[in-house]
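For reference, the structures are reproduced in the following blocks.
Consider the two complexes below, in which chain A is the common component and chain B and chain C are the respective partners.
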Partner chain A sequence: MNAARLRFVRTPTGLVGSLLLAAVVAVALLGPLFAPYAPDEPVGVPFSGPAEGTPFGTDFLGRDVLSRVLWGGRSVLALAGLATLLAYAGGIAIGLAAGYSRSLLDPVLMRAADVMLSFPALLFLLVLVTGAGTSKAVLVIGVALVQMPLIARIVRAATLEQSVRGFVEAAVARGERTSAILRREILPNIAGPIAADVGLRFTYAIILVASVNFLGLGLQPPAADWALIISENRSGLTLNPYVILVPAALISLLTISVNLVGDAIARSLGISTARRRLVR
Partner chain B sequence: MTAPLLRVERLRVELGSGEPIVEDVSLELRAGEVLGLVGESGSGKTTTALALLGFARRGVEITAGSVEVAGEPLTGRGESAVRALRGRIVSYVAQDPGLALNPALRVEALVGDLVKAHGKARDGGVITRALASVHLPADRPFVRRYPHQLSGGQQQRVAIAAALVCEPRLVVLDEPTTGLDVVTQARILEEIDRLRRERGVAVVYVSHDLAVVGSLADRIAVMYAGRVVEEGPAAALLARPRHPYTRGLLGSVPDPGQPRRLESIPGVAVGVGERPEGCAFAPRCLQRTDERALREMPPLEDVGGGHRVRCFEWALTPRLTLQEPAVPPGLEPKGPLLVVEGLRAEHGGRHDLVVAVQDVSFAVVTGECLAIVGESGSGKTTLARCIVGLHSPAAGRVVLDGAALAPRAARRSREERRRVQIVFQNPNDSLNPRHRVGDAIARPARVLRDLSARDAAAETARLLERVRLPARIAERYPGELSGGERQRVAIARALAARPDLVVCDEVTSALDVSVQAAVLELLAELRAELRLALLFITHDLGVVASIGDRVLVVEDGVVCDDGPVPALLQTPEHEYTRRLVEAAPRLPRVTELA
Partner chain C sequence: MTDLAAPRAAAPAARRRRPLLRFVLRRLAAAIATLFVVSILIFVGTEVLPGDAASAVLGRTASPEQLAEMRAAMGLDRPAHERYLDWLGGLLTGDLGNSAAGYAAGGESPIWDEIRPKIVNSFILAAITALLMVPLALVLGILAAMRAGRPLDHAISVSSLAIISLPEFIIGSLLILVFFSWLDVLPPVSLIPPGTSPLAEPKALVLPVLTLLGASLAASIRMVRAGMVETLNAEYVTMARLNGLAERVVVGRYALRNALAPSVQVFAQNIQYLVGGIVVTEYLFNYPGLGKELVDAVAIRDVRAVQVVALLIAAFYILINIVADLLVVLLVPKLRTQA
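Now for the complex of A and B:
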């Protein structure tokens, strides 16, 4: 594992991806410390361009764009990150259980996942938010629920493939507990395919969170949030483009860097087992 | 003397990186002759075989030397010019017909398309004749079949028919019988022998199995690390091998007709990119007397009678002598260790029920090696899985020391699980690629014997030594080891439980012959030292001869014959056993020596 980790940093995608990701995360987490103004403090005329003290101009209420952007990354990162974590926790558990069990559990879990998949993601979220209220917890759980079935399917397929292998049989013959077999024998071997689309899932979570916020059903004004900032100020795009471009660029950088890192992790995990085959 | 049909001169094939795979290979072959090209994995034999068609795999290139078949050069010309010759004067049969035959084409297309490609009329007669030449029917229902509707033997015959349909002068067969059972293998070999006699086709037969090649070839070329190390008339080469590697290979081949102790070659075969300077075999060579072979590549030297050897000290190579098999340890007259009674095992559900094991009963005594022999599909692996608790039998029971075992491993006591261990066929699959070797071996000791982490680590070190692996291997992952090393690790893992009985399910069938000999040697030794009982499941009668005390022959899930090893193999009485014994390839010339 250590060797794989080293190789991951050495690949160009891994290096560029992790530097970019670190930069965006730093902006999101540490930004408020450097913000010149409070996020909800009017400092000038609405939609004025860059000026002394307000390098990216002001928004539709005359608040400093730089300050709002520096404040606005935390919620995106936290909501999308938590939702992704939750989705993986649930998806991996469901997928392992379904893939390893030879009982009715498998079809029951998978048909439930199919039902979930048949709802369009955004529609499901909107119904949920409308029904359960616009709290952050509901948003996180909703985004996680949307992602979970897809993750569970991938994990199940990978688990099925591993569970007939000799080392799993050897563990069964040793009388190992099911939980130990799943954790020790199967999980490390399916980490590759799982890691391969963490980037994609996280990106999707960001998009979902941002979409709900943009539609006004997630975080409510005056909260500072990159997606919400874009939504609030879209009428002023021609007056002060920075108010849209800066948060949009940050969201893009976040998703791109997460994807690069995900790719690099998957590749380094894959190479550690396929290396010998390449030499032949 | 007629001019040779195949002439290969100083052939060199390289990887894109410039690493040679095949170096300085020169061969000649006349019409109607069979050349056996022998080597273990990584020796470059398949690369050489493909180069005989002027072909190199992606990322690989023929960089020097020439190949000429029937006066037509196949190297140094444009791809389209060479393609016109393939199939017409030289053709190729790949190792696995299940993969080599396009599953979307019917037999008639598989055989007939080559005729069309060479611009001849594709009349039914050509296909009929080609199929008839390999003893296949050419009636309409048969030629309309797809490859998956044929048996393994039929698939290989179709592949050979397709290779013969344009009446080439040379056929290159790459391991054509690997993966087929012995009876089918014997038939295919007969077919090839007849074709070269009746049609005068020259055959290059690539194989890792000296016994198979020995029964067919006129000449044999032995490859090691990309070079021919010995080449000559089959009889002379087998009777008096001059290269220490050839001698080592011959000493490794188990012979069902002649139970004897196998001698393995020390060390590990070198792969592409790790070949040493000088003679590639020198680091493993027991008869090397000076340092010259470590610096200089010995030339192929003629030792008379067209027999060439690449060794400075070929004159020192001792004759191959046969050693009596190790005397089995005296068996205690105690009650049996393991008894299997009326075992029946099934696969599948209500609608697609397959009975793998119908009714099998036997007993194993402490310290005994009972071999179970059968062809693929005879139910022997299912039997092994029932014994270790991976498959629930439909009827019958497994009794250990007088107490019946639960069908599932999870229901057995820890002590019961500890006493019966299994080693699987494929070590690539049975070791978790994400666990270090040391952890893999320590696990059974911790789980089944409750050792502390420190004691388990000490036990791991002892076991690695016992299976003759260096201690540093404990830190490695299985992917960094060779196949033979992995199987030793798997054996060490089974031993970590201090078992009384080890079930060995085809443990050597994924290994090269010399590695197989080393693993069999190790098992025999462990058995004597640890008073282990072995249940040795295999399809290879030669392996049985070298390790088994008693043998059980299984056909279609029923025991059809059993008895002590030498008697049963030398004078088989049951009809099925006799068929197996007769079909098994053997080295007649070696036995004459003793």
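Now for the complex of A and C:
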């Protein structure tokens, strides 16, 4: 793991990605401290171009674009981050259970994962919104649920491989409890394949959260959110391009840098992500 | 007595003789089973979860009596399993039900009439994108693999890794900014009058196709490159090179064929991926297709329409999988004995 850490810093994509990611996360987290106006405060004529005090102009309600963008990063990071954490918690638990139990549990869980993967992630989210309404909880749980099967598959495969190793059999022979074996013997040894995937999963969590918000089926106005800002100002694109350009650039930088970091982590562990399945 | 025993003994032989047919039938059966489970999921997701289609139609000001009346008109007052069986029966006999938008307008409007032209529009958009994606991904992916580790490969690999990270609505918005706001050569919305084919408005198709192509092409290039790099490192390729064959022949005659089978699955995955992307793209460009219909139906919580459109998209998604499996089996005869 230490050698891998060293290789990670030495890859140019890892270094560039980490720096970019740190910059975007800083804007998202610290932005509100530097915002000149409140995110819902009208300061001028709708869709006016850059002027003194409003360097990126105003949006469709005459609110300051800079301030809204500085406020609008927290929701993306928080929702996608929570969804990814939840997906990993569930995915690792399901994968360990399926991979370690030599019972009917394994095929049942894996067929359930197959069904989840048999239709587009966005479709699942839209069906969920139709039934449960638009809310942050629905968005987070929905995005976590569509990512879970892919994580569970990877964890299951890695667990199967480890569970026949000598040290696991030795632990079983010592009479250790299953939960202790999973936590102390198996989990540390499957950390590599799990870590190789984190970047990709977080990227798609961000893309899914942003896409649902863009469709107007996630966060509701007057929330300041990068994707929602792009969605609600589409009609004024020609009058004030910055209202689209600035949040679009920030979302792009965020997803690209997360993906670059993830790719560098995978490479430094000697795993290629080129064939990993995408989720959308 | 011998008459009865004979067919039984012949059965395994028949099994061996028709492996392809058996394979197709087995996949179809699995697909129908999956679709059945998916239909239950869609029904539970839209109707059993809290939230009520009747109150969505009438709004918050409706009185309890009005609500009860609307629920009875829409058939929502019966138990969930009965409604599911009714819905499924309707689907199987071709009656998709009426949309909530129709109830809101005071009458009954069949969903099928609303979505039929949209299926065609979405299919045109997806087909054009897929037809452009496959050859482009093969050429660029193979080119990158042949120059693995050199500047051209780095350029293709890094830019595809970057593009793959972008949501469709960002790619699309940036394209609109360039081709509409700055260059003013292409329309920002796909204005296609009802009753006309999108093919009659080629200008309206360009940006949606480019948007969809962006993410799916980048992903396919990465996968084709990975497969090709692996094949080019195989022993028989080294052998062919040692025999003094030209690189053109080595790639074209030996490596390409073997890299093609995994590529078919890659393309299937990316065409499926396109099915998800089409929802966002159609909404962005106001393109009158199934994806836009779905988003609109979700926004007004038109449960019946959501169910039908979601099931149609899921069916298409599963169909792509079967076609890809079949193509792979046709390309690699060895696989016919398995799965």
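Definition applied: the second predicted complex is superposed on the first by the 249 of 280 C-alpha atoms of A that agree within 3 Å, B and C clash if a C-alpha of one lies under 4 Å from a C-alpha of the other, contacts with A are read in each partner's own complex, and residues count from 1 in each chain.
Here, a residue touches a chain if its C-beta (ideal position, glycine included) is under 8 Å from a C-beta of that chain, and two chains touch if they have at least 3 such contacts.
Computed from a prediction, not measured in an experiment: that's the story for all the values here.
Once the two complexes are overlaid on the shared chain, A:Ile251 sits against chain C while remaining clear of chain B. Looking at the shared chain after the overlay, A:Ala38 reaches neither chain B nor chain C.
Of the two partner chains, chain C is the only one that A:Ala132 touches; chain B does not reach it.
Of the two partner chains placed by superposition, only chain B is touched by A:Ala170; chain C is not.
When the two complexes are overlaid on their common chain A, residue A:Ile207 makes contact with chain C while staying clear of chain B. Between chain B and chain C, it is C that contacts the larger number of residues in chain A. By the touch criterion defined above, A:Leu15 reaches neither chain B nor chain C. Contacts of A:Ala223 after superposition: neither chain B nor chain C is touched.
Taken together, the two complexes place residues 272, 275, 280 of chain A in contact with chain B and also with chain C. Chain C makes touch with chain A in their complex at residues 34, 37-38, 41-42, 44-51, 158, 161-162, 164-170, 173-174, 176-177, 180-181, 188, 215, 219, 222-223, 225-227, 266, 269-270, 272-273, 275-277, 279-280, 283-284, 294-295, 297-299, 301, 303, 306, 310, 313-314, 317-318, 321. The part of chain B that touches chain A in the complex is made up of residues 42, 271-273, 385, 388-390, 409-410, 412, 414, 417, 421-422, 424-426, 429-435, 440, 443-444, 447-448, 477, 479-480, 493, 497.
Across the complex, chain C is touched by residues 13, 114-115, 118-124, 126-133, 203, 207, 210-211, 214-217, 227, 230-231, 234, 237-238, 241, 244-245, 248, 251-252, 255-256, 258-260, 263, 272, 274-275, 277-278, 280 of chain A. Contacts from chain A toward chain B in the complex involve residues 1, 165-167, 169-170, 172-176, 184-185, 188-189, 272-273, 275-276, 279-280.
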